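Can you read through this structure? Questions will come right after.
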Amino acid sequence: MIDTIATVETNRELTPGYRLLTLSFDREIKARAGQFAMLKAHAAFEPLLRRALAVYRVHSPRRLSFLYQVLGRGTQALAELTGGGQVDALVPLGNEWPVEDKAIVVAGGIGSASVLMLSEALRAAHVETQIFFGAASHRVAVGCGLEDFRALGLPLTLTTDDGSLGERGFVTAPLERFLAAGGGVGATVYACGPWVMMRRVAEIARALNVRCLVSLEAPMGCGFGVCVGCVVAVETAAPLGYESYKRVCVDGSIFPAERIRWEVNAMAH
Amino acid sequence: MPEHDSRLAVEIAGIRFNNPVMGASGTFGYGLEFAGLIDLNRLGGFATKGLSARPLAGNPPPRIVETHGGMLNAIGLQNVGARAFVEEKLPLLAAYDTRVIANVFGYSDDDYLEAIRMLNDGEGISAYELNISCPNVKEGGIVIGNSPTAAARLTEKAKRIAARPLIVKLSPNVTDITQLARAIADAGADALSLINTLVGMAIDVNARRPRLNFGTGGLSGPAIRPIAVRMVYEVARTVSIPLIGIGGIATASDALEFMLAGATAVQIGTANYYDPCVTMKVIDGLADYCDRHNLESLAAIVGRVGEK
Amino acid sequence: MPEHDSRLAVEIAGIRFNNPVMGASGTFGYGLEFAGLIDLNRLGGFATKGLSARPLAGNPPPRIVETHGGMLNAIGLQNVGARAFVEEKLPLLAAYDTRVIANVFGYSDDDYLEAIRMLNDGEGISAYELNISCPNVKEGGIVIGNSPTAAARLTEKAKRIAARPLIVKLSPNVTDITQLARAIADAGADALSLINTLVGMAIDVNARRPRLNFGTGGLSGPAIRPIAVRMVYEVARTVSIPLIGIGGIATASDALEFMLAGATAVQIGTANYYDPCVTMKVIDGLADYCDRHNLESLAAIVGRVGEK
Amino acid sequence: MIDTIATVETNRELTPGYRLLTLSFDREIKARAGQFAMLKAHAAFEPLLRRALAVYRVHSPRRLSFLYQVLGRGTQALAELTGGGQVDALVPLGNEWPVEDKAIVVAGGIGSASVLMLSEALRAAHVETQIFFGAASHRVAVGCGLEDFRALGLPLTLTTDDGSLGERGFVTAPLERFLAAGGGVGATVYACGPWVMMRRVAEIARALNVRCLVSLEAPMGCGFGVCVGCVVAVETAAPLGYESYKRVCVDGSIFPAERIRWEVNAMAH
C-alpha cells in the first residue's frame, strides 16, 4: 500500500459519462486483479474523501488505468482532470481474485472494471472461461470497456437492458440458462456489478450449487481498514458478535457469495 | 528512532508528548493500521478506538456518508473490547515510541468503570480518555456528556479507580460548553479533549430515507472546525486544566488555530482518512511555524490569541 | 406575472406561499437588491434583514470570513430600523407578488415589542419572524433563544400585540432543540423557522488574532446542513405547528431533505451570495422532482422520511 | 449587473503567482474603468464564495481580461482553469474612476489591475497623467502588468521594494517628492494597492492638499450589496449612526480618501 501523488497521462471520455484515466506513478505499484485504489483530484478542495476505483489495467508497474463512471462530486472532480494533473492515490488495496480451474465471469455495468485483469489472467492461464457482460445500453456497454473484453477473444454473452445490443434484459438471464444447462459444473463464478445483480447471481449460483465470488461495493471513508465505515454483514457463528461485520476494503472487496447476509446489507443499496 | 524537534514537546497531566499532534479516537484504529503509512515513532500520540468492557459489533451499514466539508458516521462503536485490546493490541504497540491514550466508553457508569479496570492491567497506556457522548441507558437515554451533573459524577467515579491520568472528551451538542467543562474539571479530570462530533442527518431524497442506517450520525471534518475552535476558546477561559483541541484539523495552520485558542495539543480525526500521512505533514508544518516565528517552544503560543 | 406551478404551493399559519422557497433573513436584504437578478414574483417569499426599533450601525470590519463549506459572519445586525423599513422599503415591495416576512430582533423584550408595534403599521407584511438568537442585555447577556423560559415569555408577549402570524426562529446552539421548540409552540407561536447560525471562530495564526473583529461569528452554509436537517427532523416529531427549514440549502435536493425531515417551506441564506439566482434554480428543481415522482402536491412529502 | 457563466479563452501565467485570465461572455458586458467582477471556477465545489477581481481590460463587449495574484483557495481554483473551462461571473460591479483634468495614478502591487483601464481612458482623453508603479520586485512588477503600463507611453515612475528594478523602496517615496515639488496642483490622485500604501497615499495627498481617490479592498460575501460584509468605516455627521459604514462593493470600491476612517478599518488589514 503506497500513498503518493500520481500524474495524469490521459483522461479520455469513452462515451458520455464513462472515462478511462491513465496515471503514471513515481514508484512501482504491485497491483493484482481485483484490487483497487483510493483516488482524489489533488487540487480539489471538495469532496474530501478519496473514491474507490478498481485497477482496470496495469500497463507497466508505474502506469495504471482506471475505468470509471462519472456520478457525483468525487468522480466529477476526477473527470475535470487533464494531462499533467495530479491525483492523490492510495494503492493497491483489497484482496485479489483467485485464478481457478474453470471460470464464469459476470460483469454488470461499470463492475466490468474489476474483472478485465481477471479475465486476462484466466486467459493467460488457459482456464476455460465464459464471460457474461451486461449493461444498460449499447452506449453504456462501450463505456464499460466492451471492446477491451471482446479483444480478449474469450466466449462472451452480451445483454443490454434496452436491447440495443446483444440479448435484451438482465445479464442474469443467460447466466441462469447457462448454469441450468450444466455449464457451471466445477466452475467458479466471479461477479462484479450492481448490488441487485450480485445478489441475484449469488442466488442462482447457490441454487445450482456453483461456487461464487463477488466483489462488493460500499461507501468508503478510508480504504485501508481504519474507519470501519465500509462494512458488510456476514454470516457468523455468534449472530450479534464482534465478527458480524467485515470491512469491504481490507477483508474484501472480494468475498465468497455465501458469506454475505444479502438481506441485511440490502438496506444500503 | 527519529530525532524529535524539542521545540514541539508539550506536557499534559505530567505526560510528555514529543509533539502536540495525535490521532483522534475512532479514526486511528489501534494505531497499528498506520504502521505501513507513517512513522508512528514521530507521532505525539493517539487515542484508540473507543473501548468498551465487552466487544461490540456496531451498526448495520450504511455507516458513513460524506457531506460538504465533512462526513456523518454512525459506526456504533464497533470495537474488540478492552480485554482484547490489552491482550492483543497493546503488546504490538510496545514496539513504538508514541503515547497511547485508551479511549473508553459505556452505556452506564458501571460499564465505564469495568472497562477502566480492564485497562488498568495493560502495559503502555499513558492516559484514559472518557468518551461521554453515548446515551446513558439507565437515565432514560440521556447522553451523559450533555448533562454537567451526570458527567461530573462519572468523572469522579472514574478518577477514583483510574491508574492513569484522566482526560474527559466533551460533547459539543450543548448550550453552554463552559458549564460542562467546569463541572468535569471540578470533579477531578486531569485534562479535557474537545470536540466530539455534532449530531447530524442526511436524507436520500429519492429513496426518502435517511442515508445512514442508524438515522442520525456524528458530523466531523473541516466543516465543524469553526465551532470547535470557538468551544476551545471558551473553555480555555473557564478552566485551568490542559485542553486537547479536536475538530476538522487537516493542516498545521488548523492545528495552530486550536493552540492559539487555548489547546496544549490537538487530535486529528477525519483528515486521516483522506490524507493518511496528514499527522506527519502537520508536525512538519508546526516546526516550520516555529522557524518563521522564532519560537523556542511552541507551547508559548497556547491560548495567546489576541483581541483583534 | 409568471404562471405559478400549483403543485408547489404551501400554506403556513393561513398564509399561502406560491412555492416553499424563500430568501433567509440577513442574506436577502430588503428583497429589492435582487430585483435585477431574479424574478421576485416567482419567489415564495423572503424574510427581511433583522429589523430593530432603532437603526443600527453594525460591527466594525472584518465582518465575514469564509471557512470550509461555509462562512462566519458578525455583521452586528446593521439595519435601517423598523420605521424606515415601513416608510421607505415596504412601498417599493408592493410592486412584487411575493410574501414579505419581517424579521425582528432586539436586546430586550421591550425592544422586540417596540419594533413589532412599528411594523404593525406597515402594509404588505405577511408575517413576523422573531430572531431570538441575540444576547439579552437585561438578563446578564444570556441569549434569549438559548433559554426555553425566556423564549416562551417573549413569544407570549409578542403574540399578544402582533397584527400578523408569528414565526419564531430557533437558535441551534442548544442541548435540546425540542425542549425550546415545545416551549415556544406552547407559548402560542404560529410557526417555527430553524436554524439560525452556529457560533464559531476562526483565527489568523500569523497575526494571532481572531479573523473577525467581533471575535466570534455565526457559521452558515452547506457545512451546517446536516445539523439543521437533524434539528428539523427532531422538532417535527415534537410540535405540530409548521416548520420552515433553514441551513446550507443550495440545491433543490437540499431543500427536499428539509421537507422530508418535516419542513413545510425552506429559506435559503448563504447560497444567495455565491449563486444569486439560486432561489429560481431551486424552484425549478422542485417542479422537476414533482414530475419525476408524480406528485400532485409537493406538500405531500413533508415529514415523510421513512426509517431506512 | 449580469450573472452568467463565462468561458475561459486563456489563463496564462505571467510570472509565478500572477496570471491573466481572458473570458468570453454570451452577452455584452458594459464594464467601465475601476469596476470589478465576482468570479468563481464553475466546477469547483470549494471555496463557495466568488472572488472580486477588477476588470483589467475590455477587449470587446464580450471579451474581458482579469489580472490576478494566486493567493488562497479561490484564486488557486481559478488558476487551475484551462481554455474552455467555465467561470461563474457577476459583472460589472461597483462604481467607476471619474476622468478628471490632471491625473496622478498610483498602483501598488496587483492594485495595478484596477487602474490600467483608467490610464487608458486618461490617455484617450489627453489628460496630463503621471503613473507611479510600485511592486515587491522586478518579477512581481511583470506579474502586475508592467509591460502593459509601459506600452501606454505615459510618464511612469517605478519602484521595487528590493531595488531589482527602478527606485528601491516604496512607491509612496517618489510620489511624495513629486507632490511636494508641486506636481499635484490641480490634480487628482487615483490610488489602488495594499491598504498600508493607500493609507499613506491618502496622508500625503491630504497633507499637500491634493484630491485623492482610492479603490478599496475588502473580503466580499456577495459583491452586490446584500451581505453587508464588505464594509469600511467612513466619516459621518452622527458618529455611531446607521451611516457609519459603507459597502465597498456597491458604495465603492472607489471612495474619496478623506471619507475613510483609516484607523478603524486598519484592524481589518
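The chains carry the letters A, B, C and D, assigned in the order they are written, with residues numbered from 1 in each.
Just so we're on the same page, a residue touches a chain if its C-beta (ideal position, glycine included) is under 8 Å from a C-beta of that chain, and two chains touch if they have at least 3 such contacts.
Nothing here was measured: the structure is a model prediction, and the numbers come from that model.
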| item | value |
| --- | --- |
| Shared interface partners, meaning chains that touch chain B and chain D | A, C |
| Two chains sharing the most C-beta contacts | B-C |
| Whole-Å gap between the CA centroids of chain C and chain D | 35 |
| CA centroid of chain A to CA centroid of chain D, Å | 52 |
| Numbers and ranges of chain A residues touching at least 2 other chains | 45-47, 267 |
| Two or more partner chains touched - positions in chain B | 68-70, 213, 221-222, 308 |
| List of chain D residues in touch with chain C within their complex | 1, 3, 40, 46-50, 88, 90, 218-219, 221-222, 224-233, 240-245, 264-265, 267-268 |
| Of chain A, residues touching chain D in the complex | 43-47, 73, 76-77, 80, 82 |
| Chain A-facing residues of chain B, complex | 27-29, 33-34, 36-37, 55-58, 60-66, 68-71, 73, 75, 78-81, 213, 221-222, 270, 272-277 |
| Chain C partner contacts - residues on chain B that touch it in the complex | 67-70, 72, 146, 173-176, 198-205, 207-213, 215-217, 219, 221-227, 229-230, 233, 248, 253, 256-257, 260-261, 289, 301, 304-308 |
